[in-house]
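Can you read through this structure? Questions will come right after.
Lettered A, B, C and D in written order, each chain numbered from 1.
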Amino acid sequence: MDPEPQIDLSKQGVVLTTVEGLYNWGRKNSVWPLQFGLACCAIEMIAASMARFDMARFGAEVFRPSPRQADLMIVSGTVTKKMAPQVVRLFNQMPEPKYVIAMGACAICGGPFRDGYNVLQGIDLYLPVDVYIPGCPPRPEALLEGLMNLQQKIASQRLTGPARPRHLRQSAPGEFTVPQFGSHDLVGPRLPKDQTPDANS
Amino acid sequence: MTSSARACLKTRLLMQTLEQIKDRITASFPDARLEIIANGSPANQPSLLLDHAHARQIARFLRDDPALRFDYASNVTGVDWPEKIVKEKIKVKKIIDGVEKEMEEVSDRKTSAFLESVYHLYSMTLGHGPLVIRLRTVNRGDDVALPSLTPVWRSCEFQEREIFDLFGIQFQGHPDLRRILMWDNFVDHPMRKDYVPTDSGEVAL
Amino acid sequence: MMAVSDLQTSRAGDSAGHDLLEVSMGPHHPSTHGVFRMNVVLDGETVVKLSPVFGYLHRNHEKIAEKNSYLASIPYTDRLDYICSMTNNWAYVLSVEKLTGLAVPERAEYIRVIVGELTRLFNHACLAGFLLQDMGALGTPLMYAFREREKILDLFESLSGARMMCNYMRFGGCRCDLPDGWLEQAAKTVANFDSFLDHFEALLTGNEIIRARSDGVGVLPAALAINAGVTGPGLRASGVNYDIRKVDKYGIYSRFDFRVPLGERGDVFDRYMVRILEMRQSLKILEAAMRDIPAGAIIDPKAKLRNLRPKAGEAYGRIEGPKGELGFYLISDGSATPYRFRIRPPSLINLTVLEDMCLGHTIADVVIILGSIDIVLGEVDR
Amino acid sequence: MNFGPYLFLVIFGLAALVFALSPLALAWLWARFFSPRKPGAVKNAVYECGLNAQPTGWVQFKSEYYLYGIIFLIFDVETIFLLPFAVAFKGLSLGACLAMLIFILLLAEGLVWAWIKGVLVWK
């Protein structure tokens, strides 16, 4: 659908859209994040949801404590090896469609604590991450910008065709293996490198 | 007269009393082997090395003695002293052609390897401190047991568990000696100097 | 009441005609202020046994610090108690100054007191906000507290460049001087912080729901508090007069006259009230410090920062952080990296008595008692 | 063909039924065509704060909870009966008021008995 007629029509109060457009428009403006704070980035995430930076403008201020009612997991803080199984299990217990934002240098690659013996060097070793937000901690505006990037990503997802997202493809795995505690380190298969979250977006 | 100088003055008052404290302890525990370990930094916090047998009784004495009243164990630290070759200049007295002269000789000496737990004690009732006491294990290998001071000060409970978890010192008499930070079936003691972390298969950036 | 010691796991003996339920308020739980876990054994709704589990945010500060130079460890201290980065810097820098015997110029001492007390202000305000959130007042007190915190973070940002991770203090002084206009802005913020506190107290202190929920809940006797090493507002709420600003007189705290508020019963309400009163005393210190801050250098010129190699020796320095006694024990062997870098975590040691305070209370009270201890997991697990 | 006064009731019922079932049918169709079901062992496991849940749910609860719940239910149902009585209160004869009074007093007496027996306290 080319946008020009759409814009002219919407000036006269007539909205033209597709089923997909409506479906994605509804989803992107009510992304419910999981109440899941790990470390310093969690304080910046709380500050982003408070009055001054006001995440409510993006419909994302409803922090759901239970993974059953959340669509977005903001991994805000250092994922340690002792916490990694819980993070992956929580992500598995969230209903589809679900997204992951890796907030802060620690969630992306271990950050300043990269060579700690108990620190997982990035959550994308076990989970498909949709948006990476660099910073230590990223400012609340950076988190909001990451949220906008995610909203654009949701808006551009297709319902049918080969390029549809992971949760709409029967072939794509619905569950990610939870790592186990070994005697020296975490054991268990990691996310294969080629499996980017969504082939097309 | 800024802060650190004033702080040194205050601890200096304790400095003289460290000898007095040592004498006070040996007065009531005659066969305890105590040793004052100097501290090179200007912080002026020398420490008192206790022997295993009397450690807990001396600790209880330090807490309950009316003149000392060290009722608050602020900080318990584990330190790993692996074996080191130390090049030392030893002053050797030699008789050279009839005259006794002091000669300096360089020789390397293997320091003894041990694990250590350091207690910083303060007194909330009398307001003085820190009194630093140290406990050392026999070696770093099989005999790494130390008497636990948790029955005397409950603030050592979690800190001694952390030393057991990260250094491997077995605290005898600790009510609940389990790992506190690492997961339960973790076997290494990661804060030891010779701990080699497992390579996480990650390409170094 | 069943003796705690002879308790097995969840299917314990049902002497009272019903089973005991073992539930884990696990690493991911809205009331645990981060990734902290408590294994609670419940007799109906009453807590019979509570064992805390730590380590979910053990980021190995002490191992990394052994590979870092003394200067490189300063940004890591920001991330210990990630709400009060300035006071963490101060504690570390104080113990390095003890290790090396560095002197601190007057102006730097005043700046340290100002930013330290500003940190204490918004830490206690946020604590009250989170505590009320645990009691069920979702959002409102926390919104007020975070609004004030944002004002003080603006001050820190204009001073040090970063909102939360200031990395501002150095051995022998501070990194940069106050930008012009900063003191007036800080004076304005401190002036209307007083009226914010009046609003806050009007909203909270007299509220009978809060009194009903917190009077006599989680009582901590003074003797147990001393023996278990509880420090900070939790200790003073039990009536023990021990404030390291008065005991050690570090920095220039001896020049300010401020009183140390003490509680009587040591329950959740006393811990809340002591913090509110401490905020008022901090305001007095701030006004005095901002009034007579001298001009002058802010760092000791001969303080070597980059290649600091302190003589072999050790030092234990401590300050009265917002959460309790925050201490750094440094052992140096003459090289550029510390031989041992130990952090005395007030939050972890204050949790020693969590079980003693929670026994016999309902699980809803456990949430409030944990909230009143004020823990931050970055400092608990280090 | 006169269906009498009940025709609109049937239509009204059917409309309500359609109104209720159509979103469900739409959702079912959507799920069948667009988003395939992918149940998994971890996804369907009990959520226990991120941990592996040991099945301790089936625990014998304190009996006081059960009694407390029953008493609440009784008085909840009682208020339903009181509603028509309160609405028609003005037009009632003395006999009706007496009967209602007996009904209320009987229940109040039950509450007093339960209170004395200490059922309402489960500490």
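The rule is short, and it goes like this: a contact is a pair of C-beta atoms (placed from the backbone, for glycine too) under 8 Å apart; a residue touches a chain by one contact, two chains touch by 3 or more.
Quantities reported herein were computed from a predicted structural model and do not represent experimental measurements.
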item: Any chain in contact with chain B as well as chain D; value: A, C
item: B-C compared against A-C, more contacting pairs; value: B-C
item: Whole-Å separation of chain centres (CA-atom averages), chain B against chain C; value: 27
item: Intercentroid distance (Cα basis), chain C paired with chain A, Å; value: 31
item: Length of the line joining the C-alpha centres of chain C and chain D, rounded to whole Å; value: 47
item: Chain A: positions in contact with at least two other chains; value: 82, 86, 90, 115, 117-118
item: Where chain B touches two or more other chains, by residue; value: 181-183, 190
item: Residues within chain C bordering two or more other chains; value: 26-29, 55, 58, 60, 63
item: Category of the chain touch graph - line, ring, star, complete, other; value: other
item: Which pairs of chains touch, using the document's own definition; value: A-B, A-C, A-D, B-C, C-D
item: Residue ranges of chain C in contact with chain A within the complex; value: 26-30, 34-35, 55-60, 63-64, 67, 75-76, 79, 82-83, 142-143, 146-147, 149-150, 163-165, 377-378
item: Touching residues on chain C, where the partner in the complex is chain D; value: 10-11, 14, 17-29, 37, 44, 46
item: Chain B to chain C touching residues, read off their complex; value: 2-8, 10, 39-43, 45, 71-75, 77, 79, 118, 120, 124, 127, 130, 132, 153-159, 179-183, 190-191
item: Interface residues, chain D side, partner chain C - complex; value: 48-51, 54, 56, 59-63, 65, 122-123
item: Touching residues on chain A, where the partner in the complex is chain B; value: 81-82, 109, 115, 117-118, 121, 125, 181-185
